[in-house]
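Same chain, two partners: subunit A is paired with subunit B first, then with subunit C.
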Partner chain A sequence: MTTPAVAARTVTKRFGTITAVDGVSVEIAGGEFFSLLGPSGSGKTTMLRMIAGFELPTSGRIELDGEDVTRQPPFDRDVNTVFQDYALFPHMNVRKNVEYGLRVKGVAKSERRERAEAALHTVRLEAFGERKPDQLSGGQRQRVALARALVNEPKVLLLDEPLGALDRKLREEMQLELARIQRDVGITFIFVTHDQGEALTLSSRVAVFNAGRIEQVGTPREIYEAPATEFVASFVGTTSVIGEEAAAALLGESTARVLRPERVRMATAATAPEGCVQAPGTVADVQYHGDGTRVRVEIDAGASLVAELPNRHEGESVPALGDRVTVEFDRSDLMTLERSTSHDQPIGEKP
Partner chain B sequence: MTEPSAPQVHGVRRRVARFFARHPRAALGAQLSAPGGWLLIIYIGSLAALILTSLFRLVDDPTGLVTKLDTSIGFGNFDRVISQPVYRAVALRTLGAAATVTVIDAVIALPLAFYMGKVASQRARRMLVVAVTLPLWAGYLVKGYAWRALLDPGGGAFQEVFGHSLGFGYASSIVVLAYLWFPFMVIPLYAGFDRLPDSLLEASTDLGAKAGRTFVSVVVPQIVPSLVAGSIFTFSLTLGDFYMNRIVGGTTEFIGNIVYRQFSVDLPFAAAYAVIPIVIMVGLLLAVRRTGALDEL
Partner chain C sequence: MYLSSSARWALRAFTALVLIVLYAPIVYVARLSVNTARNYAWPPRGFTFEWWQKAFHETGPREALLHSVQTGLTATAIALVLGTLAAFALTRAKFFGRNAVSLFIVLPIALPGIVTGIALLSGFERVGITVSFSTLVVAHATFCVVIVYNNAAARLRRLSPNLREASADLGAEGWQTFRLVTFPLMRTALVAGGLLAFALSFDEIIVTTFTAGIGYKTLPLWFADNFSRPNAIPTVNVVATFVVLASVIPVWLAQRLTDRPGSAV
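Moving on, here comes the complex of A and B:
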């Protein structure tokens, strides 16, 4: 394998008695769109801040292009950050904000102008150069922050929940925009988010964080379709867990299995077709959400299965609370977890 | 009805409430009448009286034994203030003291306020705020005489311990006034630094700027409004002070000392001389406003 653009080697960060990042090792290749996904407090932002140089790891190493930068201050690292609150300088106009990094490095005025123009063009804000940050909308500020980082042509761009403050529609637009920009400039993006949909949509690979450790690293498809742990299975999308006892009764094997709601349907035939499993139960919850209806069924075998039923036909009967129903799923859609949590078998090598 | 008076009271209150609800301008006027009246009569009124008095003059009775107030308007007092070198010198000395005190306070307060607002732990912050404001709890005179005891060249603490003292004079006045008004500089600066988001400093560092560059390009522009606010306090407080001179200033006189002395001798002249700090402050505020620093206060 070629030298990774960014590598963390058994990195640990403690704040007093709290361990924010616990022996994390990960390698990120050049040109990747790599997401750090996890709930708040899972250590993903601390990890990003260590790569940026704002936090010093308690132990372990951070490498950029194979070079140990653990103790390098942020201003010496060829890495730029897009902050969650954008952190635009309020007393400078958009152009001055974008030029700041170049000005600090002593780039000549004409070249500075030119590159700032190009960066503003990339984020489609050419006409806004003379505006002050407080005269821009949230989405525009976000793009200025992006341009201000990109203009320096860093090896790696770090994005700390950059879309967190935007409303849903703008968020989706900016996701497309981000993906386009990343393709155009070809810089490695490391993207912190707690939004699993965002991570799956944008990333070439995702690292799922929980309690300071990485639970799983993989492509969005691997993360979603073959979650390694129960945490990943439940955090990325909704899953139903069929415990060992229920699995023994229902499937004839005593291994815990998990199942995605969109793979569960209402049984139409009286007996299970080839390769399918049928489970009778009682409807415990019904949630209508526009494009589908989510039904939770307490099956008699002793598990709670969630079924995602598409709202396709008008007048199609949707089960009501307390109804007796039979749900059905393909045996091949059952997923097996490698382990319950990463804490039994950590990914990072032990120091 | 069991209680005939109640609906009556209710009715009157209701009518009043309805009147104000329909006439929002009248409601606003009623609300502002008390503070507005206070501002107009006590504040503007006294200022107007001061300026009017400064335009009068004292004339000797033909007997030469009594002086009378001549209430015809004239600028004779201001002529004296400007043309007599003594008065000009005192005005300039006061101005110099105000500027020096402001600079001393700013230079000491900037790093301290930065530490308080950006570096110190929450606990240390609270303790520092208390420590900085603690002297405000002691009386002006107490602090003045405490400094007198420190500075006394004939056996004061500095003389005894270091073998040298500033003694009583202009320099001592400046030192003591800088001490007195220090909290008024630190607190606005601390508030300014506290408001300054960490992410701005991080963004600057992230974009390649070292500490000095970040301070000049990001911190200072953000902190200017706080610095201006603090400076207005230290400057105007020094400009108006006169008693600290009498305690530690030796024979040094500020504008206030002249006003105080002339007050009982020549009231119109004292009034004219008191107009000088007002003019200076108005001029200063206008100049500051031009820079735009007041917009963000």
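Moving on, here comes the complex of A and C:
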């Protein structure tokens, strides 16, 4: 295997008594769009800050292109960061902000100017060079921050929840933009986010963080379709868990299984078709959200199944709260978790 | 906030009254500086620039003004260096006793001048230093530092730590970050703090009385010596008016610099 662009080797970071990152090892190949996904407080931002050089690991090693950089200060590392609040220099105009990295490295003025222009072109802000950051919208600031980092042609670009402050529409636009830029410049992107949709859309691979550890690393498809732990299954998309007892009653095998809501439907036939399982129950919750309706059914076997029903026809009957219904799913859609969540952290709770 | 129209008028009238009480005496002194009579009598009579001409040629007030400016500038310069360093130390580093140190830096401004004055005088005498210009500067610096420190610390606390990190991330070493990012962003706070510190030193009289020594007269000391001497009354009025006019400039500058939208970070 070729040398990874970034590698963490059993990296641990403690702040006082709190362990923010707990023995994380991961390898990121050159040119990847790699996401660190997890709830707030799961250690993903701390991990990013250690790669950037803002935090020193308590133990373990950080490598860039095989070189140990654990103790290198940020200004000696060939990585650049896009900060969550952008951290643009408020007293400099856009062009000066973008030129900053080249300026402190002593690049000649004319070359500086040229490369800044090119970087601003990449993020489509050529016309904004003379503006001050406070004269820009959130999305524009975001692009300036991106240009300011890209102009240095780093080996790795670190992005700390860069779209967190944008409204939904702009967010989706910037996602496309980020994907395009990453393809164009071919730099390794490491992207921190708590938004699973964003991570799945953008990434070539995702590492799911929970309580300072990585629960699973894989392609978006692997993460979504074959979650390794209950945490991953519930954090990435909605999942229904069929516990051991319910599984015994319903499926005739006492292994816990999980199921995605889009795989659950309302039963139409009186008996289950070949390869399908039917489960009677009571509707406990109905949520309408435009393109679909999400129905939670407490099945008699003792589990809570969420069904995502598409909103197809007007007047099509949607179950109401308290209705007795029978839900159905294919046996082959059941997913088995490789292992239970690796430590005693209750799901969804901050460490 | 909603106010009834009568309440609004009452507030306006009260504001006007307060401003009149504050400024009428100053206007009165200014009027007296061009009065033909050489006393404080009302109503003033006539109009003349005679006193302005005379005052201009007198060495006493001129020397005192020069001393005050010298003292103020030197004390402010010391305060800018020490106050800025202290602000950096206390906003960026965490160490045992940080709050206590902060309190000790700020305390001199709250101490009664008479206490500071006596304490410094006895302290200087104790170690055998004769009070003179340098002791006066040290005395003034004790409260000038507070002003600079408060301004600088407030600004540093408002600066996002991410700016420093962004600068380092882009390849700047500590000194480059200070020169290109931190200092430009705190410059207005330092100018404002420096101007206020200078103004404070300029009209200080109590501490000055104890720490200036006999031969060294600052402007406030000169006023105190002269304002009750009948012959000096016209000159006192002229010098007072001059100082009022001159002090508008730094105060105006300080306000402009601290209120400017670009300075808010």
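Remarks
In this section, the second predicted complex is superposed on the first by the 343 of 351 C-alpha atoms of A that agree within 3 Å, B and C clash if a C-alpha of one lies under 4 Å from a C-alpha of the other, contacts with A are read in each partner's own complex, and residues count from 1 in each chain.
Throughout what follows, a contact is a pair of C-beta atoms (placed from the backbone, for glycine too) under 8 Å apart; a residue touches a chain by one contact, two chains touch by 3 or more.
These numbers come from a predicted model, not from an experiment.
If you put the two complexes together on subunit A, you find that subunit B and subunit C bump into each other.
By the touch criterion stated above, A:66 is placed in contact with neither subunit B nor subunit C.
By the touch criterion defined above, A:310 reaches neither subunit B nor subunit C.
Contacts of A:39 after superposition on the shared chain: neither subunit B nor subunit C is touched. Of the two partner chains placed around the shared chain by superposition, neither subunit B nor subunit C is touched by A:280. In the superposition on chain A, contact is made by A:132 with subunit C only, not with subunit B. Counting contacts by the rule stated earlier, residues 52-54, 73-75, 79-81, 83, 85, 87-91, 100-101, 104-105, 148-149, 152 of subunit A appear in both its interface with subunit B and its interface with subunit C.
Interface of subunit A with subunit B (complex): residues 52-54, 73-75, 79-81, 83-85, 87-91, 100-101, 104-105, 148-149, 152. Those residues of subunit B that touch subunit A in the complex are listed here as 197, 199-200, 202-210, 213, 217-218, 221-222.
Here subunit C touches subunit A in the complex through residues 160, 162-163, 165-173, 176, 180-181, 184-185, 261-262, 265, going by the rule given at the top.
By the touch criterion given at the top, residues 52-54, 73-75, 79-81, 83, 85, 87-91, 100-101, 103-105, 132, 134, 148-149, 152 of subunit A touch subunit C in their complex.
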